Structure formats: structure tokens, C-alpha cells
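Dropping a structure here in C-alpha cells format, bear with me for questions.
Lettered A, B, C and D in written order, each chain numbered from 1.
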Amino acid sequence: MEFFLGKFNYWVYIAMMMIGFYAMIAKHNLVKKIIGMNIFQTAIILFYVSIGTKKGGTIPILEGAGHHAVAPESINVAHYINPLPHVLMLTAIVVGVSVTGVALALIILIYKRYNTVEEDEILRQLS
Amino acid sequence: MIHQAPILTIATLLLTAFWVPIIGMFKKESAYYIALAAIFIAFAAACGTLYSVLLHGPIHYHMGGWPPPWGIEFVIDYLNAGVLVLIALISFLTTISAKKSVEQEINRDKWPAFWSLYLLLIMSLMGMTETGDMFNMYVYLEVSSLTAYGLIAMGEDGALIASFNYVILGSVGASFYLLGVGYLYIVTGSLNMADLYRLMPGLYHSKVVFTAFAFFMVGIGIKMGLFPLHVWLPDAYTRAPSAISALIAPTMTKVSAYVLFRIILSVFHIQFSTMIIPAAKLLMWIAAVGIIYGSIMAIAQKDIKRMLAYSSISQIGYIVLGLALANRMGLIGGALHIFSHAFAKGCLFMVAMAIVYKTGIRNIDEFKDLNKKMPFTMAAFCVAALSMVGVPPTAGFFSKWYLVLGTISGRHWLMTAVILASSLLNAIYFFRIIEKTYFSSFLGGGGHGHHKTPTVVMTEAPAMMVIPILLMAVGILAVGLFNFQIIHHLLQFIVPGGLA
Amino acid sequence: MIWPLDFILLIIILILSVAAITVRDLLSAAIILGGFSFMMALLWTEMGAVDVAITEASVGAGVSTVFFVAALHHTNRRSKD
Amino acid sequence: MNTVVSIKPLLAVLVSLVGAFFILFTSSKRQNLRESWTFIAAFIKFGIVLSMMPVILHGKVIKLTLLEIAPGLSLMFKVDFLGIIFGLVASGLWIVTSLYSIGYMRGLKEHAQNRYFFAFALCLSATMGIAFAGNLLTFYVFYEMLTISTYPLVTHNEDEEAVKAGRKYLTYTLSAGVLLLFAIAATYLYAGTLEFMPGGFLNGHNIPIGVLQFLLVAFLIGCGVKAGVMPFHAWLPSAMVAPTPVSALLHAVAVVKAGVFGCVRIIAYVFGPVVLKDIHMWLIVAYFVSFTIIVSSLFALASDNLKRRLAFSTISQLSYIILGAALLSKASLTGSILHIPNHAYMKITLFFCAGAIFVKTGKKNISELDGIGWQMPITMGAFTLVSFGMVGIPPLCGFISKWYLCLGTLQAREFFFLFVLLTSAVLNAAYFFPIVYAAFFRQPAGGRPAFNEASLPLVIPLSITAVMAVIFGIFPNFTFHFFDLARNAATTIIAGM
């Protein structure tokens, strides 16, 4: 039980990836595929954020640093959550949204061209 | 100045990419010339980088002055200096050649956007080549994918859906790559490749490292169109605007192949994929099946671009096979094939572009007498085709030679057979075209021996299109004849010490 | 980090993600996806990743949803599956 | 052994390569200019090759190492006794064939003549490269170049038959090339060198016997396909759809001889007599080609198409050369090497005759040739003369090489092969003499035709080669010292130096 709970984030992230992946592959509707893709990407971000957390860690912001200098020796690194994965994820989120944007733009164009967003119908029109 | 060269390649392209649409709003035609100038500067900078590397050894360029492992680092060593110049050169030639084709195929209103995306694509490919940081690599990977989605979508009927499929698969690939980076970060706490390389041997038996490796393979495999993850590739190459096929076919998959080399050789150690897990063996089999599959599918195609796309799948197999052989000759062969295939496939797609531009013909069965209409283009096609088949002294022969040496010295006889058989299969589909073009004037017309030559007027593509094509053909021969120089100065350093 | 809250959020997130891909009405799916992103942002705040959470709330839940709704406005909101 | 460094072998290769591009870019309307390029290149090439001969006769070796094309492997030329013979034959006959080609191509008003002469010049470059290659990789580079540059010549007619023949040609030769590549790569890994040495370089490398046997088979199939060894010969008769000068030079001299030359190189300069005897393969090879000698003669008997009969005769005669090499005695090697020029001069004459008949009368089949000897006496006279030589009747040159081959079988104490050679001579007579008989002694249906000889550009070359065939029979050392060269080559191979 401890094992299960301790790694619960990881289990959920895998489950979410699978859900997203399923949607990307099995759904015929292009918008659904994009929704799946979004879930998939969010799952990965969840994974990264989970990497950074540690028991008892706090938000990686130096309190009071604005008013008077904090002596570097007084900072205990172990108290803070590792911020690096978070920073990376800011980029990843933006990238994910751009991909979504491009994909949705494509969908709009596809709809204008084929008048549908169902993959099987488009393929039928193409052949 | 010269030590700023690595960043200059990227910065020029990036900055120009932002200005192109703005200036393009006022004058659409100017977009192309600005793009061309930017690519030329990037090319010059790439050459400067290579020069500096050859003279002073690998360059470590720290972004914003932050030393690794905190800051982002550009590492340009011998292999990627070569790849960088390769990318710059090929994209420069393609750009010159592409002008007319783009003007024909792309709506005038879209030109600024097109060239802006084009610049970003080249920028991201160069970034992927130069970076020494795993996450930075991911960013460039996604930028290259995003721009490629957009560019492919500008193509003919069906391009939209091809692009959409690529979006889906491409983001899965990129996400897998990102996961791999995450897993490595868990165990090492670092994103810098050199750092990872140093930390890795102690962690060989961690399950997390295995998982990361698997994710990398899948992620990069999708990007480079490695069988069986290639499903996006044929449609994308076929439907994309001809100029874009000519740009991404030689560069994008090659850069991804380079990334695979980087990850296997200088993030993980080569011993990891041969001794700790049987990854090399698995990759070898995948590559072998891919080589044969790609060749056979190429034989079945009638559309020249689609045929070339399948042939790319097969050729990617060669590169991966060389890597998977994990011996001196194999690695050199695989790396050399990045160069030789980039030139050959670039040339072939540019020829396809010229043919489509001038005649609109895509179906191979209609190629009859094309040699009389476009003699220079078809001559270049022949050189490239011979390189693909592996006839000396073209570049393709030499990479095949090293690969064969690699398979023999590793005692992988079946792989030897695969390489040799595949060169025969390549011969089938390339000579089919040559036969159709050059030697079928009297097919079906009966008659024996002597007959009048049918008069066909020569309508060669414009010089601006043909000259780059011919230069590519010369490049194929040059890579072949000077392969030893390339290996001696650039590629031999990728072979880790102690490898037979 | 308070694990019961964590746990509940994760369950909600899972339910929302399944819902997003099953509902036939695409507009609802987009809205559910927005909710999903928002829940995710909550979870991350709770896990201490405030910066990510803010970005996700604004970009993931906000911009993405706007994109979806805009796209659906130009296309068809019905889905066959 | 003393070596001389000289750029001549490279020049010999480059002359026709450069010439080829001059030809290609000459406007197809300016025939005279184009053909003068051909002649200029041909004469320069021949002069270069000839100028190398005195040095070689003194027992020296001309060597030229060009750029390194792979670690430890260079593009290297090395002119030795064997190489110079092949070089002399090919470059000398190119001049004659060029003259003949002009007559033939203009006589038939052929299309795409630029491409034809271009490919021809390329072929000659490749052949020179093969002759002067100093190691297996260089050999392979030019060998493949020859394969590819011959293809446009085979498909020259651009009709269904020609395209099919071209396809067949490529299938056979490219597959063989692939096998050869494998064998070369494996040899390189095992031996660490690829440089030809008289007497073989594979000796003393402790290579397992099974590997050696396998390599020999791969090598001999790789080269044997071009040499038309049965059962890999099927492309050669099909390739006869090519214009006759092509059949003459390429399928009697350059291409097939390149295959045979390759076999001799491999037997004598890669494996060498010692290794070949150690791995117990020489007799197997000898029996194998004996089969070809006999069976292809039978095929020749059965075919009515003149060029096809000549093609099968070529197959049979080429196997003499391989047989001689495989017997590994000094006399048989001399005979076998000597047969390269001798057969070339004789067979090219025969093909020239066939082409002259076709240009003049449009006849392709032997059954149509009744009485043609009275219409074209010079052509058929040359044909008759040379067919005696093919059978091995003195004083034609065919006699000398066959004599040495027979001596060789005795030296090797393998009397079975003497029997094979003699049977084959009988069969040669059986398929050549009926043609001669029909041409001169049989009355055609419409009465004896009047004198109507082919044009001069066709008759002069075939007369020259026929006369040469006689001269080489009487003075084997005439000008080119073929006999001395062949004997010296055999000596160095046996001595292993």
C-alpha cells in the first residue's frame, strides 16, 4: 500500500498517457485526437513535476530575499523542491500549446477542404 | 568573431525569420531574397565553425556565459561540425533551387509565412546539431516539427491530412523523447550531455536508465522515420510542396539520425547498448527489416516522390544498421551514410522538384523522353541513382563498403546479405526509371535496329534550378572521392576508444 | 503535500480525462479538457510547483480552451465517437 | 622487383574520360568533330599505353598511388606484364573499332550517336582502369564503372528486346558485382591488404581453408558472370541485340575480357598457385569451366543467328583462358594469357564481318548467307581466315595459344583437359566451317550475287584485324611483344615474386 500510494503520481501519469494514447490512435475524430494529445502531454508534465517534489519540501522561493540579503550558508537546499524540472515544464507547456494551435489550424483547413473532421470520411474522399 | 560562429548560425536565421513576415507584408517578393541571404550567412558561419573545429578542436560555447551543467551549452565536435556544414550547404542549395517551384506551388500571399517557417526549420535543425543539452534538444526538436507541420500542410491535396498525421505521431515522438530526458534527469540530476556521459557508467543497472533509453529510441525513431515508426513519412514527403520535400528529406531525417548517434555514443556509452542491454541487436534487426521493407515498397510505387520517400525509409535503415553494428567500420559507415545519403536524396528530390515544376509529371510511367527535355536534370538524377545503388566512385558506394566491412568484421553475415540484397533492390527501382526515361523511345513501336529519332524539344528547367542540382551531383562524387578525408578529419573521432 | 487532497485531485483528473475523450459533443469535450487542465494546475500548486501551475492555468486551461472553442466555431461540434 | 612511378596509367584512363565529355557536349549535328574527338582520344590512349611497354619489358612495374579512398586503401594503378597486355589489346582495338563504328553507325543512320560514342569512350576508360588496377578495390571501382557504362550500349536500340536485354545484363552483372564486393571486403578484413602480387597475396595469412574456398567461389562467380561462364552466361547472347561494334569490342574484347582478366588476376595474383593447390580448388574450377567449353560449343552449333553463334563461341573460348589459369602450370598460364590478345583479334574480326554483312544486306541468320562470299569476298575471306584461327590451325595466332594450353595440360598431368581442348577444337570446326562452306560453295536461290562489298570504313578495320591475327600467328612478338609479356607474366606468377 505504501508503495502504491508513494508512487501514486506515477501511476496516474501512466494511466493518463494511456488514455491520451488511446484517443490519438483509436478515435476517428480529429479533434478528439488532439484532445488525446493534450492529455498525453499534460501527463508528461505531471511526471516532471513529480520528479521535483520531495517530502517536506517547500516552494523554491527565497522568502524575504527582497528586503535584506540572505546569507547563502543559511539556505538548506534539502528544504526546497528542485525547481529545474518546473522551469523546463514552462517551456514544455508553451510548446504543447503551440502544437495544439497548429493542429487545430490544420483541422480548420481540413474542415474547409473536406467539410468533415472524421478521419475515415476524409480518407474515403481522398481515395 | 570566429568563436561566435556557432551561435551566429542560429541567431541569424532566428532573427531573420521574425523580420521576413513583417517586411513581407509590404513586398512579398523580398521574402525570398532575405531568406536566401540569411541562409547564406548561416552557411558561412557553419563553414567558419567547421574551420575552427578542424583547427583548434571541439568548441564549447556557453549560452549567456553560464557554464554547464547549469547553463545551456553548445558543443561542436568533429561529427556535428560536419553535419552542420552539410545541413547548411544542402539547405542553401535547395533554397536557391526552390524559388521557382515555390512561386508555382505556393499562393503568393503565403510567401512571407512560407519563408519564415522555412528559416525556422533550418534554424532548428542546426540547433539540434549544435546543442549539448538534452532539454534544449527537445525544444529544437519541437520547433523543427512544428515548422515542418506547417510547411507540409502547404502542399497539394491530401497534404493537410498527411501533416495532421505527422502532428499526432511527431508529438508522440517528441513526448517520448521528453520522457526519456525526464527519466535520465531523475537518476543523474543533469541535462548536459557531457555530464550525463560522465555519470552514466555508474548507473548502468538502473531500470530507470533502461526505460529512458527505450523512450529515446522510440522518440527519435519516430522523428527519423525508422521502420516500423515510419508511417507518417511517405505521405508527408509525397504531399508536401516539392521544395519542402527537397529540404526535409535530406536534412530532417539525417539530423535525427545524428541525434541517435549522439545519444547512443555520447550520452549512453556504446557498450551500454551492446553489453548491458541487447539494444544494438534489436536495432540491427529493425534496421534490416526496414531496409528490405523500404526497398520493396519503393519498387511498388508509381509516384516518384513516394518512391523516394520509401527509399528514404530504407536508407535510414542503413544508418541505423551501421550504428547498431557497434564496431569501428560500422559506425564510420553509418556516419558516412548520413553524408552520402543526404546528398543523394537531396539531389533526387530536387530533380523531382524540377520535373514537377517543368512538366507536372509525377508518375514514373510518363517519364519517357524526359532525358531529351531535361538532359542536365536527368544526368544529375543518374548520378544520384547510382549513388543510391552504390556504384563506385559515388558516395553511396563508400558508405556501403564500410557497412559491409562492419558486418563482416562483426560476423553478421545475414546483415551483409541484407545490405547487398538491398543495393540490388535499389537498382531495380532506379534503373526502372532510367530505362523508362532513356531507353524506351521505341517501346511498343516495334521496329528493329535503325529508326528515326523522335524530335523532342529541350525544355530544361531554369538555370537557377538546374545549377544547384548539378552541384549536388558533384557533391555526391566529391563525398565519394574524398570520403577518406571526411573520415580522417571528422568521423573517425566518433569511434570510442577500444572498439575493434 | 497533503496526500488525501492529492489523491482526490488525481482521481478527478483521471475521470475528467476519460470524460474528455468519451463525450460526443466536442464543445463539451473542450470544456472538460479545460477543467482537466485547471485541476492539474490545482494539483501542481499543491505539489509546490507554483510557476508551472500558473502557466498551466493560463496557457493550458485558458489559451488551449480558447483555441479549441475557436476551432470548433469554424468546424463541426458533433463527433461520431 | 623495381618499380617506376609514373602518371601514365592515370593518363591512359583519363584520356578517354575527358574525351567522353567532349563527345557528349559536341552538337550531334557536327558528326565529324565528334568522331575526331574519338580518334584523338583513341590514338593518345594507345600511344600512352605503348610508351609504357618498354619499361614493362625490362621487368619493371609502373606504379601510381592516387588519393587514399579508404583507410589503408588507395586508388592505385600498377602496370605489370598481365595488365599491359590487356591494356594494349583494348586500346589498340579501340582505334580499329572507332573506325568501324563510324561506318556502321552512319551506314545505318543510327539515333543517339552522341550517347553511343560517349558510353563507348567511358567503357574504354573503365577497361584501362581494370587493366592497370593495382589492387582489388581499384579493380572493383572500374569493374562497376564498366558495368554501368556498357548498359546504354546494350539498350541502344531502345526497343522492347533491347530493354529486356539491358535488364538481363544488369541483373546478372550487378548481382555479380555485389558478390564481388562482398568477397573483396572479406578478403580485406582477413588479409589486411588488397594489392595484387604475382603469386598471390593470400599466402601466409592463416585464413581458414573453408573461408578461402568460399572466397574463391565468390570471386570467380563475381568475375565469371562477366566472362560468361556457364551457368551465368545467359546475358551474353541476349546482349547481342546491341549494335555490332558494341558486340565486337565489348562482348568480344572489353567486357567479357574484363571478366576473364579478373578471373586470371584472382587466380594468379590474389590466391596464387600455392594457395589454390592447398585448398584443393584448382581442379574443381578446371572441371567447371571445361563443362562451359564443351556445352557452349554445342549451343553455338545449334544457333542460326550469326551473332548469337559468335557469342556462344566467345563463351567457350573465354573459358579456355580460365582453364589455362586454373591449371597452374607455366605453359598453361602462358597460353591462357596469350589467348587474351589472340582471341580478341580473331573474335573482333568475326564480329566485324557479321556487322558488315548486316549493314550491307540486312541479313542476320546463317541460313541466309548462301553464296555471300561472292558478294562480299573481302569480308568473307577475312571471316574464313580467322575461323581457321579459331579452330587452331597454324599459322594463325589461335594456334600458338592453344598449343601452349595443350602443353599446359601435359605439364599439369591432367590429360582429361587435353581431351576437352581437342574436342572443343573439333566442335569449333563444326560450327565455323558450315558458314564458310555456305558462303562460298552454295548457290543462293537467285543465282550467284554480283560483287557488292561493304563500305571502306567497315572493310578496312576487319582487314586490319584479320591481318594482325595472321601476323601474330607467325611472329608472336610482333611490335607488341605479346608472347614475351605472357611468358614473363607466367614466370612471375609461378615464381611468386
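By our rule, contacts are C-beta pairs under 8 Å (C-beta built on N, C-alpha and C of every residue); 3 or more make two chains touch, one makes a residue touch a chain.
Note that the structure is a prediction, hence the values are computed from the model and not measured.
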What whole-Å value do you get for the distance between subunit A and subunit C if each is reduced to the mean of its CA atoms?
11
Report, in whole Å, the distance between the mean C-alpha point of subunit A and the mean C-alpha point of subunit D.
71
Centroid of subunit C to centroid of subunit D, CA atoms only: how many Å?
78
Just curious, how far off is subunit C from subunit B if you go by their C-alpha centres, in Å?
38
Per-residue overlap in subunit D, given as positions that touch at least 2 other chains:
none
Shared interface positions of subunit A, touching two or more other chains:
96, 107
Determine the shape of the graph in which chains are vertices and touching pairs are edges (line, ring, star, complete, other).
line
Every pair of chains that touch: which are they?
A-B, A-C, B-D
Within their complex, state which residues of subunit A touch subunit C.
5, 8-9, 12, 15-16, 19-20, 22-23, 27-29, 31-32, 34-36, 38-39, 42, 45-46, 49-50, 52-53, 55, 57-61, 81, 83, 86-87, 89-90, 93-94, 96-97, 100-101, 104-105, 107-108, 111-112, 116-118
Within their complex, state which residues of subunit A touch subunit B.
21, 24, 30, 33, 37, 40-41, 44, 47-48, 51, 84-85, 88, 91-92, 95-96, 98-99, 102-103, 106-107, 109-110, 113, 119, 122-123, 126
Along subunit D, where are the residues that touch subunit B in the complex?
67-71, 108-112, 140-141, 144-145, 147-148, 152, 155, 157-163, 166-167, 170, 174-175, 178-179, 181-182, 185-186, 188-189, 243
Okay, in this complex, where on subunit B does subunit A touch?
135, 138-139, 142, 145-146, 149-150, 153, 157-158, 160-161, 163-164, 167-168, 171-172, 175, 178-179, 182, 185-186, 191
Spell out the part of subunit C that touches subunit A in their complex, as residue ranges.
1, 3, 6-7, 10, 13-14, 17-18, 20-21, 26, 29-30, 33, 36-37, 40, 43-44, 47-52, 55-56, 59-60, 63-64, 67-68, 70-72, 74-76, 79-81
